[in-house]
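In what follows, chain A forms one complex with chain B and a second complex with chain C.
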Partner chain A sequence: MIEYTGDAIRALSMEERMTVCNMSIEAGARAGMIAPDDLTFAYLQGRPRAPTGPAWTSAVARWRALRTDPEARFDAQVSLDASSIGPQVTWGTTPGMVADITARVPDPAQLGTDTERRAAQRALEYMGLEPGMPLAGIPIDRVFLGSCTNARIEDLRAAASIVRGRHVAPRVRAMVVPGSQRVKAQAEQEGLDQVFREAGFEWRNAGCSMCLGMNDDVLGAGERCAATSNRNFEGRQGRGGRTHLMSPMMAAAAAIEGHLVDVREW
Partner chain B sequence: MTDTLFEKVWDAHVVQQLTDEVALLYVDLHLIHEVTSPQAFAGLRGASRRVRRPERTLATVDHSIPTGDRSRPIADPVAARQVDALGSNAREFGIELFDLASPGQGIVHVIGPELGATQPGMVIVCGDSHTATHGAFGAFALGIGTSEVEHVLATQTLIQAHAKNMLVEVNGASPPRTSSSRSSAESALPGRRAT
Partner chain C sequence: MVESFVRHRGTVVTLLRRDVDTDQIIPKQFLKGVERTGFGPALFYDWRYRPDGSLDPAFELNSPKARGATILVTGPNFGCGSSREHAVWALAQYGFRAIIAPSFADIFASNCYRNGVLPVRLPASEVDDLVHGTEAGRREIEVDLERQVITNDHGFEARFSADPYGRELLLRGLDEISRTLLEEPSIAAYERRHG
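Take a look at the complex of A and B:
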């Protein structure tokens, strides 16, 4: 169980907080939590299943008490500095095999333990990558903008801001799969579907889609994909498929360039 | 007052303490989808049980459905069977379903918050690994297996071992457009744990 706290977490939108909690499972936790605050209440107010009237007022009063006491103790504690973390891209076959987009594919021989060396070696073979290759510049075949991790309206807005007026690279097949039909409708109201379509993206209906490749949306063997979903295990997006996990803006930029790229340089 | 957020939510949901570590927890919201629910419903039917709190259960189709043209029938026979099964199970057991034709259909973890069904302080479960998403609202939300789905359907409770608590504090201004930095912060975390 991970609780997230700190200025950088407080500063996140609800959508962004959901992304963080969503990935807790990939950090080895059963669940992730963020204490509710005014932003949480503002997000919920007026939604179909949220309480209304006096029930709302008393619910908010109850919810305000949902925070960790100052004297509470944790079994472990980690501090991160958000300003020191660049956009992350996975190079291997677990979400933990990840590096800054400015980094290079690691050399398995340099890793600490035998198990790590073997795991990284195998991952690089599966991914078809060589140690020392810069991550930026790795060519891709597919782009998947979707999943419960990163397919809410904010994600689509962010990605659209990158692709607006540009076009997907010639060899690349890119698709947007909104997280829900409501997100899809909202995006269409804002004209985002047009932005994506004109840029050469497929605009699909809501579902898990290529997050787990249970429907027809799958990678072919050896195909390399920039994906905004949450897992890059062998075969997760289709047998032999190679997945690089990243944020919606990073995936959008990769679609345009045809290879992994540092979106901050745009 | 020395409780963590998690402990507060946990304590408020203990129906019965089974051992020092393990408790029977009340479940506020159960999200179900077409892939991990058919067996659970079959089990329920086999034992002649009802769904304990259908109004605390929400169903949608998301995992195996096609994302193309929805006016045509589902081509994949397995997915078609799963979707049909969820439809008839939802009808039989009185559960609200957002099916393929519904404007409210979507990925379980997207529609819960969208509907305001996800609320602070709740225990939320779903037969999908990324249920932790709902924790963003201060809920204790976790993925469960198919046999547990059946247990929750039948009893509206879940057997759980108390979890260890970890605090992750993230400070410092993130770069201006948060969307890309956000995935950074959270994906850097497993990275650090892996090294």
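Take a look at the complex of A and C:
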């Protein structure tokens, strides 16, 4: 179990918090959690199946108690300076094989242990990358803007703000798959579907799609994809397919440029 | 009911990779069935078979020495990724009874305990000893869940600590439903009190 706290976490919207918690599984945890606060209650109020009237008031009082005790002891504590972390892009075949978009593909020979060296070597062979290559500039064939982790309404708004008035690069096939039917309906109400369509994205029905590749939405062997989903394991998006995980804004910018790019420079 | 696990003597196959994820253990195209059978042949599908469907002789499990192995020794963070229970079914149906690694993804480990497979967490140095022993031909080991110790006939001994609840399930051959039903008298009493 991982609990997230701190200014940077408190400043996140509910949907952003959900993405962080969702990715805890990729760190080997069973769950991730963030103590509820006023933002949480505002998010829940008025939602389907949320309590109403006096039941709401007493529920909120109960939820306010759902905080970690001050004297709680953790197995490990990790402090990160969010302001020093740039947009993250995976270069390997686990979500942990990740670096700043400004970084270069690491050299396996420089890693600490034999197991890590072998794993990184194997990952680079699978991904078709060379040590030292800048991550920005790696050309892509496909873009998958989707998944329950990273295709909520805020994600689609953020991505739409990047692609509005622009067009997907030639030879790149890009698709948007909303995280749920509710998100899809909301996005259409806001006209986001039009923004994506005009930019050359396919606007698809909600579902797992290329996150998992159980339907026909799969990568061919050697195809390279900028994906907003949560997993980049070998074959995850299709046998031999190469997945780079990144945020919705980063994936949107990659679709326009045709290669990995630092969205902050836009 | 699942097959109980008290003590198991078997041969080891090593898969020296870290972060082996459930997409490798059982790829998604095999998850569509409604039965809990037939997963063994699909275990490690993309590694075991070449794209033309023939066995890849370079893959560890396809080595003649790996034939009949029932204990998998592997790298840290085994079973990471998607929490599909099919991953354990595939390992069990292939014939594995125990998996030994420096660490496991948590959801995968609890799925093991509930499906008749023992996940054994050992320090990396002891896993290395097992790997070296296996490479030197000492492939047979005994995993004793009752005493929580792994031994071989050449003096190797490693103690481990299993999750207490998972250990009880395995020792008695229970799944979670059958374990819960053992509490039926207490459940009925509770229902009477709160009826």
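Heads up, the rule we're going with is that the second predicted complex is superposed on the first by the 266 of 266 C-alpha atoms of A that agree within 3 Å, B and C clash if a C-alpha of one lies under 4 Å from a C-alpha of the other, contacts with A are read in each partner's own complex, and residues count from 1 in each chain.
Definition applied: a residue touches a chain if its C-beta (ideal position, glycine included) is under 8 Å from a C-beta of that chain, and two chains touch if they have at least 3 such contacts.
A quick note: this is a predicted structure, and the numbers were derived from the prediction, not measured.
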Discussion item. Quick check for you: in the superposed arrangement, does A:R236 touch first (chain B), second (chain C), both or neither?
Written reply: second
Discussion item. Quick check for you: in the superposed arrangement, does A:I25 touch first (chain B), second (chain C), both or neither?
Written reply: both
Practice prompt. With the two complexes superposed on chain A, say which partner A:G132 touches: chain B (first), chain C (second), both, or neither.
Written response: neither
Discussion item. Once chain A of both complexes is superposed, is A:G165 in touch with chain B (first), chain C (second), both, or neither?
Written reply: neither
Item to complete: Check the residue A:G53 against both partner chains and state whether it touches chain B (first), chain C (second), both, or neither.
Response: neither
Item to complete: Tell me which of chain B and chain C touches more residues of chain A.
Response: B
Practice prompt. Identify the partner contact of A:G96: answer first if only chain B is touched, second if only chain C is, both if each is, neither if none is.
Written response: both
Discussion item. Output check: A:L212 vs chain B and chain C. Expected answer is one of first, second, both, neither. What do you get?
Written reply: both
Discussion item. So chain A touches chain B in one structure and chain C in the other; where do those two contact lists coincide?
Written reply: 25-26, 28-30, 94, 96, 212, 214
Worksheet item: Which residues of chain A touch chain C in their complex?
Response: 25-26, 28-30, 94, 96, 115-116, 118-119, 122, 212-214, 221, 231, 233-236, 239
Response to the item:
Seen from chain B, its contact residues with chain A in the complex are 1-9, 35, 61-68, 70, 75-76, 79, 102-111, 113-117, 119-121, 129-143, 163-175, 177-195
Discussion item. Residue numbers of chain C touching chain A in their complex, please.
Written reply: 16-19, 21, 23-24, 27-29, 31-32, 46, 51, 75-77, 80-83, 103, 105-107
Response to the item:
In the complex, the residues of chain A that touch chain B are 1-9, 11-14, 16-36, 40, 43-44, 46-50, 59, 62-63, 65-88, 90, 94-99, 112, 147-152, 154-155, 158, 161, 177-183, 185, 204-209, 212, 214-217, 228, 230, 245-250, 263-264
